[in-house]
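What follows is a set of structures to go through.
Presented sequentially are two complexes of subunit A, the first with subunit B as partner and the second with subunit C.
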Partner chain A sequence: MLHIRKRAIAIFFVIIIGFPWIAEHIPAITHYPDVMVFAGIYSLITIGLSLLLGYTGQISLCQAAFYGIGAYVSGILTARYGLNSWLCMAIGMIFSGLVALLVGPASLKLRGHYLAMATMAFGIIVSVILNQEVDLTGGPDGMTGIPMLSLFGFEFDTTEKYYYLVWAFVFAAFIFSVNVVQSGTGRALRAIHSSEAAASAMGINVLRFKVIVFIYGAMLASLAGSLFAHYLNFVNPSTFDVSFSIKLIIMITLGGMYELWGAIIGAGLITFLSYEWLHFFEEFEIVVYGAILLLVTIFLPKGLVGIPGIIKRWFRS
Partner chain B sequence: MEELTLTGELLQYLITGLTVGSIYAMVAVGFSIIYNVTEVINFAQGEFVMLGGLAMVSFHTAAGLPLIIAFPATVLLVTLVGILLDRLAIRPIKQPSVLTLIIATLAFSFLLKGAAMLIWGKDPFDLPALSGRNPIQFFGAVIQPQYFWVMGFLVLVAISLTIFFGKTILGKAMSACADNPDAASLVGINVKLMFSLSFALSASIGAIAGIIVTPITFMEYDRGAELAIKAFGAAMLGGLGSFPGAIIGGLILGSIESFGSGLISSAYKDAFALIVILGVLFFKPSGLLGNVEISKMKRF
Partner chain C sequence: MKESFNKNILELEKVGMVFGGLLALNDQNFQVKMGTIKAIIGPNGAGKTTLFNVITGIFPPTRGTICFKGKSIQQLKAHEICNLGISRTFQTVELFDNMTVLENVMVGCHTRTRSSFLASGFAFPRTRRKETHIQSKAIGILEFIGLKDKMREPSGSLPLGDQKTLEIGRALATEPDLLCLDEPVAGLNETETKVASSLIRSIREQGITVLLVEHDMKVVMNISDEIMVLNYGEKIAEGPPEEIQNDPKVIEAYLGGNE
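What follows is the complex of A and B.
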């Protein structure tokens, strides 16, 4: 689990780069790069969540709130005040980080169900604020007029350009996170997961590490929110409610939360399921999610990335 | 005269709050029963309420069964669903942890919600109130008779549970599982049966809550999640696992919502209760009546 899979990362890199070109030549999937933009945006959030939940063992049901904060900071500052988009993105990340620093220490002292409740409560409060502060956020109708991203005159105005931008961020976040996992910090996080008492006996400042990971996850979610806002040029609060936080949990459960790969695979699969493959079920897609989730929890506790391990063990015995 | 209407208004908020709070309390008690016996937080708890309301609509309004038959039939049906939850979602999990159990109950709640949408559609349904809809004037407050039924049923549930857990062998056996499942199985208690029973018991309480709240608020397929979140909060507020805590937590939560939306801002109705819950969690994580030791022991 811990050695750097350089080859896997390289193959993945090539696939991601080549994908828009392949999709272009297959009629049925020409619009897949558009779906992949969302998959990338969600991957940014699930990578942070994987570190927090899979590696450190701390549940968070408020990632959607940080996602929303990022989207709205970008949206409000660019559409209302005309500030530079990249600056707003950075402001959003810093602001989300500060909010996480404010909520984190008190929440992360709690464990298990209590942490789930506290983070869920915070998530709902943020979503209520987004809905009700109509003067600032536009309320339930959402806000429009968020500009496209551009860098030194280069406009990210096509799906393909945006695709490469988003996945560049995903790669940066992925590689940074892989390095974190393999560093002393990563060992400290896993130690906290196995036993907080033992970890703190080894001199690990348990709360500090938890808060750091929480802030990191919040900043990634905020970045994802900004990218989302600039891609759609429109945001509305229902995107960022607690049910999305739960959907994120579904993503990493399906992909496998104990490996960073799982975060990307889960985000990708669920995005394609909900944007493309489950259209047939319409509103009943929730039943499919329920069934997937139940089957994965029972039969694949390590998610889809656990399958190779199961096959290997099966062959050996 | 001015003052009288103010007291009337406050009384109105209090009674509305206590009524809504009674429903939260019943769902929260259901949480506590399952949590105490199995340590599972059942996020499908709200779906029991939804199923109770909608099944009653089918039995009573659609099929025309008299109340005396439709009521127990509904409770029985939802109880069976509760047992199914234990059998299909909880028991097959090989390495249960807090997280996988939360996810399993969430998954089951999705299935129930989808099934309800398939069976009853998306429209809200009404039920006839148990003793009519003629409001009672009381010190300037206007009270629906159904409110008393709701509060009455909460009292009934509380008394029955106190007797069940305090006086009957079965109830004591369940409490023993809550204390220490290994020791309980050593003295010959069928722990798995007790687990199923705890799901059955809290499903039946949820069904009752659903049946009696539907005449006031209507019921539709997607009401479960909100109720589950609120009642989870109520259980936390009172102290997870404590019965009096769950009831007091529910009543407080309902009152905060009612007073908050009446006196401050109805837009932030959902936020008030959660801010209070956050405050309690941050400063007294064990809840108002909870046990500090227990809150520290639980972990992933």
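What follows is the complex of A and C.
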């Protein structure tokens, strides 16, 4: 059930590598690699969220906050203080991890709706800070002048180069998470999801594992934020508000939160829907998301990645 | 063997538990001798499960001390108590139903062979070797409890008898010195009950002390070395099965006496 096949990962790898080349040759989708950069950035966050919500069973409505912290730490330290971009990325991740360590233990003692409320409150606090601390963050107008990324003189100055950079990170995060999920740690996380009482009776330090996964998700979101800031060279607080946290939940619900593939598929689909395919609906876009969430939870509780299983069962009976 | 037989593995001293205004346990003293099977019986609501929850750290007792192998554990968390060597099953089966039979037992191995989040993520060779070791250990346990043939099945699809057995197997995987069984044969048919009883006996033969709560008197009288009777949070009798069977206070508690 949990075995993630090496062949599937290899095929996925080839598709990701070949995609820009294919897109280049089909006129209607030449700009798709740009959308895929965002899909990759969101995938980083949803992979962390999948581990937290899908595997460990703990909801978080503050992933956008860590995403914002990463973006702003990178933005402020590079644009204002001229620090090395990669160093700032690491600082952002460490800082987000520390914040998660501060917020996590208190909120993760709560369950269900209460956990959702607590994490949402934290998300709102971060959002308010980003809006109100005008001297530091530039306030609602956002901040500009965030430099491009470069590594040893190699500039990530085209969409294609950035695409490969982002997806390299996604791959690393994906493989790391697959390893976690398939190890004893992953079993401990699923045990917590199933029964906290039984998990702790088996010697699993429930709170500790929840906090570790929360920190991991926060650090991935922060990394995504830094990549976002360096790609657009501009950040503004509305990107990181609570509604984006909810959108992230929709992503993994659609893709399927009980398998890591679902995180990437969901992030990819929702990104394309909101950047490309749903322009027609304009401000009613949100209604479409609502409908998606409703339909998926009723008919596909395991998300899109659950479809092969449903088909298999059909054929058997 | 004779020597350890007289040593107490678990000692409770004046353990009391109050929920709100409700007295669930009233300053209980009791001991479990190493290497024995001790049963706790009593009518519904007598405080048996509360006693279990207090011993295994689901919640700390309101007062009193609990000593396990000479160490006081009443302030420890459930997972710490498990690490020290107390494991348990649950009255209502609490299997990890999102996992296979084998995986359930493998979770039980966690406490002896855990690895860090980072080591798991980077899949260090050491972590992988551990994984193979855990798997073969878990298969060994499934063989012992007789569920090896079903190891790939989802645990939720097993019949109740197997589920209860699997819970015992999962608890054994933590390598306990004391195993607490909360109604291990409740809801089982006669054949399943016999299998479970002989499993519990063979667990004791491995040197593991067993503390059990059970309503099935036949089982209790058959397998226990010692029995304690609880009623309304109070101990009303304690002793070997023959003595308990004839104790007028016990008969009164069960059948109701003239007030």
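Quick notes on this one:
The rule is simple: the second predicted complex is superposed on the first by the 317 of 317 C-alpha atoms of A that agree within 3 Å, B and C clash if a C-alpha of one lies under 4 Å from a C-alpha of the other, contacts with A are read in each partner's own complex, and residues count from 1 in each chain.
By our rule, a residue touches a chain if its C-beta (ideal position, glycine included) is under 8 Å from a C-beta of that chain, and two chains touch if they have at least 3 such contacts.
Keep in mind it's a predicted model, so treat the numbers as computed, not measured.
By the document's definition of touching, of the two partners only subunit B reaches A:112; subunit C does not. Once the two complexes are laid over each other on the shared chain, residue contacts for A:202 go to subunit C alone; subunit B is not touched. Contacts of A:183 after superposition: subunit C is touched, whereas subunit B is not reached. After superposition on the shared chain, subunit A has more residues touched by B, the comparison being subunit B against subunit C. Within the superposed three-chain model, A:129 lies in touch with subunit B and out of touch with subunit C [touch as defined at top]. Looking at the shared chain after the overlay, A:228 reaches neither subunit B nor subunit C. Overlap of the subunit B and subunit C contact sets on subunit A: residues 193.
Those residues of subunit C whose C-beta lies close enough to touch subunit A in the complex are 56-58, 77-79, 82-83, 87-88, 90, 94-100, 103, 106-111, 113-117, 120-123, 127, 130-131, 134, 154, 170-171, 173-174. Only residues 41, 88-89, 92-95, 98-100, 102-104, 106-111, 113-115, 117-118, 122, 225, 229, 232-233, 236, 240, 265, 267-268, 270-271, 274-275, 277-278, 281-282, 285, 295-296, 298-300 of subunit B touch subunit A when the two sit together in their complex. Here subunit A touches subunit B in the complex through residues 53, 57-59, 106-107, 109-114, 116-118, 120-122, 124-125, 128-129, 131-132, 193, 196, 242-243, 246, 249-250, 253, 283-284, 286-287, 289-294, 297-298, 301, going by the rule given at the top. Against subunit C, the residues of subunit A that register as touching in their complex are 1, 176-177, 179-180, 183-188, 190-191, 193-195, 197-206, 212-213, 216.
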